[in-house]
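Paired with chain B in one complex and with chain C in the other, chain A is shared by the two complexes that follow.
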Partner chain A sequence: MENIEEQLRETVKKLLKEKKVDLVIGYSKGTLPFHSTPVFIADEKDADNLIFDFTCGNNLAKYLQKSKVKNHGKIGIIAKGCDGRSIVQHIVENQIKREEVVIIGVHCDGVIDIRKLEEKVGRKEILKYQVENDKIIVEGKGFKKSLSKQDILSDSCIACKYPNSPVYDVFVGNPVPIAEPRKPITNNLESLSSDERWAYFEKEISKCIRCYACRNACPLCYCEECFVDQSNPQWFGKSPNLSDTMIFHIVRTLHTAGRCVSCGACTRACPTGVNLAPLGIRMEKEIKDRFGYTAGLDTEATPPMADWNEEDKQEFIM
Partner chain B sequence: MTEHRTPNTEHRNWEPKILAFLCNWCSYAGADLAGVSRIQYPPNIRVIRVPCSGRINSTFVLKCLQNGFDGVLVSGCHPGDCHYITGNYYARRKFAVLKTLLEFIGIEPGRVQFSWVSAGEGEKFAEVIKKVTEDVKKLGPAKKLVKI
Partner chain C sequence: MDILKIKKDNLKQFLEYLAKKYTIFAPVEEDGVSSFREIEKMEIGKLKFDFYNTDKPPKDIFFPQTETLFTYDENSQLSTLPQDSANNSQLSKPIAIFGVRPCDAKSFTLLDKVFDSEKYTDTYWKERYKDALVFTLACNNPLSTCFCNWVDGGPFNKNGADIFLIDIGEAFLAEPCSKKGEEVIHKLLLQKAAGDDLKKGEHLKREAESMISKSIELASLKKSLDSFWDNPLWEETARKCLNCAACTYLCPTCHCFDIQDEGKSGKGKRIRIWDSCMFKLFTQEAAGTNPRPTGKERMRQRIMHKFNYLVETIGEFGCVGCGRCIISCPVNLDVREVIKEIKKIRN
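Up next, the complex of A and B:
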């Protein structure tokens, strides 16, 4: 990993020096262990702050929409597989032009889920950690624990099929494909009855406090005004009433159907641990089965929900 | 809309309330034909006329369920017959995704239904309403998603 970070910094410095990009979006060390923070680099001297490891969980494509970033000129962006696919979706949806971004691809082995780490360690303050191959040694006041990296990986990363950005201008390291075929984690929800599934989602969604962290972390939630913020007319209530909250999540899933790349940023951003992943994964499967489309792979594609085909299946219509 | 907010549960002679979104050019005319042809069908539907099935936003359907309707029917022109040429093709994709998600999250499959009824299909319109009403009756009053 050290090696990749060094190469990454050199690449970014070179791009800035040659004026190929005006601003680079990447990650730097956060203020707490196991946290990284997005960083915006316009000066090559700052490139030494860049890092890339399993703490880099934010989806950077989110920042392409911010006007402060957009007005900066040509943007370089460090892209894991999911960031890359989100960038492709932005291009497909005419939010940015391909030539406006320089995609710096990196191979990603998955990012960690802080919540899983908390479960393993308990509510103790972690002061530092060390990485030894697949083991992570966590240290705090009066405790030391060795964890397997696989155990604290984000669910969406365990199921990830695209560890490398499908489109890139520069690739740092080698775009190694995944070794074994992976299956999405859906907690076997499909085999449950409809009442059991409702009970599951009722339990999950009732944790939601309507802070909208999921929406704010989502690279594809870029509407200027979200439907839940509309007040004229006001469609749905803003309090954490179960019906309103459930509908917020249903409609958010519908709005991201055929666009969501299952990066898991929403689930990782959630302060109360609502598992939103099954909704996105189910939609991804439906869109693939029905319309043969996988989000974020082809910059020339037409978004499936803005398209139609005479032969679309209609077995559910009387 | 407040009228619908309290689900009339445990009522012995409970009759479902179903909202039907009918497209102006086909299904609404189909309903009209059923009427002038004096074909009997259950009186459980309340109709909202829309310009096209493509006008239906998924939030309309969710809002109905939230306000206590026991069932929702969306009906439009047959594929290829849309007054606006392609409106119902887009609608079909939207409905497919909406129906899958609602079923996945645990809403009973019969609550939200879709149909194509042309202006000449008065008979079919009555059949569709009969079927939807029967399905919803079997399911009982809506409880999930109703805002209390």
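Up next, the complex of A and C:
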């Protein structure tokens, strides 16, 4: 991993030096174990702060929009497979132009889900850790435990089919062999009845406190005015009651249909551990089945929700 | 005041006794999320107190995320106490909150200064808080994210406690810290703590205080911020912020709210809901303008409100150092780093 980080830093330094980019969006070490933090690098010497490992769970495509990077010239961005696909979606949706970004693809073996990790140690505080091959040895007050990396990977990463950014200008490390999901989706939700699934989601969504961390961490949630923020007139209630909250999550899922790349950033961002990943994963499958489309692979694609085809399935029309 | 002892074996009885006069709130963990909620009698035996900070702060006991202020019906009179509100049961008996951490207990005193001051009285808050009984449970094991000691607190701080508990293993030491607390506890004929127990308590206190992160002098922070309005740090800090409300909703002292009417055709209710300065809508004006148009202004507001404005209005920082905002931030925006950076720039 250090080797990749070294290469990454050198790559970024070179890009900055050669003025191929003015600002690079990446990750640096966070203040807590297992936390990275997004970083914006304009100066070559700051490139040494860059890291890349399984703690880099934020989807950086989020920062390609709005005022965050505007007026900063050409942007370089470090991209896992999912970040890369989100960037492609931004291009497809005319939010940015391909030539406006330099995509730095990076070898990604998946990122961890801190909540899973906390559960593995009985929610005790982890103070430090070290990585030994596929094992992660975590330590806290009065305990030391060896964990398998696979057990704490984010669900979205376990199901990931596209670990490499589909489009890139530079690639750091070797690309992960494509089209080999690390493990097939073992989503037992699929086998449940619709009532049971509804009960599952009711339970999950009831934990939601409406902080919108999911939406705000989502690279594709870039609406200038989100439907939940419509205030003139107000579209629906703002309190965390199950009905309103459920509508929020359902509409958000529908609105990201054909756009969501199942990066899992929403789930990882949630402070109360609402598992939203199955919604995205299922919606991706639905879009693939119905329209033969996979979001974020082709910058020239027409998004299925912005298109009509005679062949489109229409069995739902009575 | 004597320090007493509640044996853990007798805790159930103790709480059952308390439940006769109080609605009890205690920490529970459900679906991986810990919070304080009303405890039914039969649940008392199942309570666990070996948690760190609860994931959610206890502020919603006194200041619910949503509450009905009144219902209205154009054909009848205005009703000030909503019939359909879940708050009714809470109001029928005073609230006892058991096992709240010192930082959270302190947060109640800060919120009380905001909601019940000489200038303003918020009856909804006051009704719940004025008779409430707060059992603070000392932190024997502060987290690495705890920084209560930076903001005039500490793992054994008694501010806001009616009864101060220390977990010494087989029992809790219980020290009454207010008249209210003394009255309740003296009716119980509890055993007095022995010298050894007190020593154990002292030892735990010293241990906890040595465990917590080194304090940083913040006496000049308020003043530094007086002239920090235009500093480029705000923009820099705000850059990675996603402007979600994880930090503010999980903050025990954030108390901004929105008021809305829900209803139609002459009937409905007026509710208040937590709001967050992190949201664009927070300062959206009817005319279409927004005085805090970008993340920079919103970040500045969050920090300034806690470390400058509240110092001016209530005389204390609006932060109790619980560290929840640090743990919950999806991009690891650590408020301690922001404070350190401000200090560095000003020194």
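In this text, the second predicted complex is superposed on the first by the 307 of 318 C-alpha atoms of A that agree within 3 Å, B and C clash if a C-alpha of one lies under 4 Å from a C-alpha of the other, contacts with A are read in each partner's own complex, and residues count from 1 in each chain.
To be clear about the criterion, contacts are C-beta pairs under 8 Å (C-beta built on N, C-alpha and C of every residue); 3 or more make two chains touch, one makes a residue touch a chain.
As the structure is a computational prediction, the values presented were derived from the model and not from experiment.
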item: Chain A as common anchor, with chain B and chain C clashing or fitting; value: fit
item: First (chain B), second (chain C), both or neither touched by A:240; value: second
item: Which of chain B and chain C A:308 touches, first, second, both or neither; value: first
item: First, second, both or neither for A:30, with chain B first and chain C second; value: second
item: Chain B versus chain C as contact partner of A:290, first or second or both or neither; value: first
item: Contacts of A:229 with chain B and chain C, given as first, second, both or neither; value: second
item: Chain B versus chain C as contact partner of A:217, first or second or both or neither; value: second
item: Partner chain in contact with A:257 - chain B first, chain C second, else both or neither; value: first
item: Angle at chain A between chain B and chain C, C-alpha centres, nearest 10 degrees; value: 90
item: Lowest C-alpha to C-alpha distance for chain C against chain B (Å); value: 6
item: On chain A, positions contacted by chain B and by chain C; value: 237, 241
item: Complex interface listing, chain A residues touching chain C; value: 30-32, 35-40, 58, 62-63, 67-68, 115, 119, 123, 125, 127, 141, 203, 207, 209-213, 215-217, 229, 231-232, 234, 237-241, 265, 268-269, 271-273
item: Residues on chain A engaged by chain B in the complex (per definition of touch); value: 189-190, 194-202, 227, 235-237, 241, 243-244, 246-247, 250-251, 253-254, 257-258, 278-279, 282-283, 286-287, 290-291, 304-310, 312-314, 316-318
item: Residues of chain B that touch chain A when the two form their complex; value: 58-59, 62-63, 66, 79-80, 86, 89-90, 92-109, 113-116, 128, 131, 144-148
item: Residue numbers on chain C that touch chain A, as the complex places them; value: 31-33, 52, 55-56, 65-66, 141, 143-145, 239-240, 242-246, 248-250, 258, 260, 262, 271, 273, 276, 279-281, 284, 286, 294-295, 326-328, 330-334, 336-337
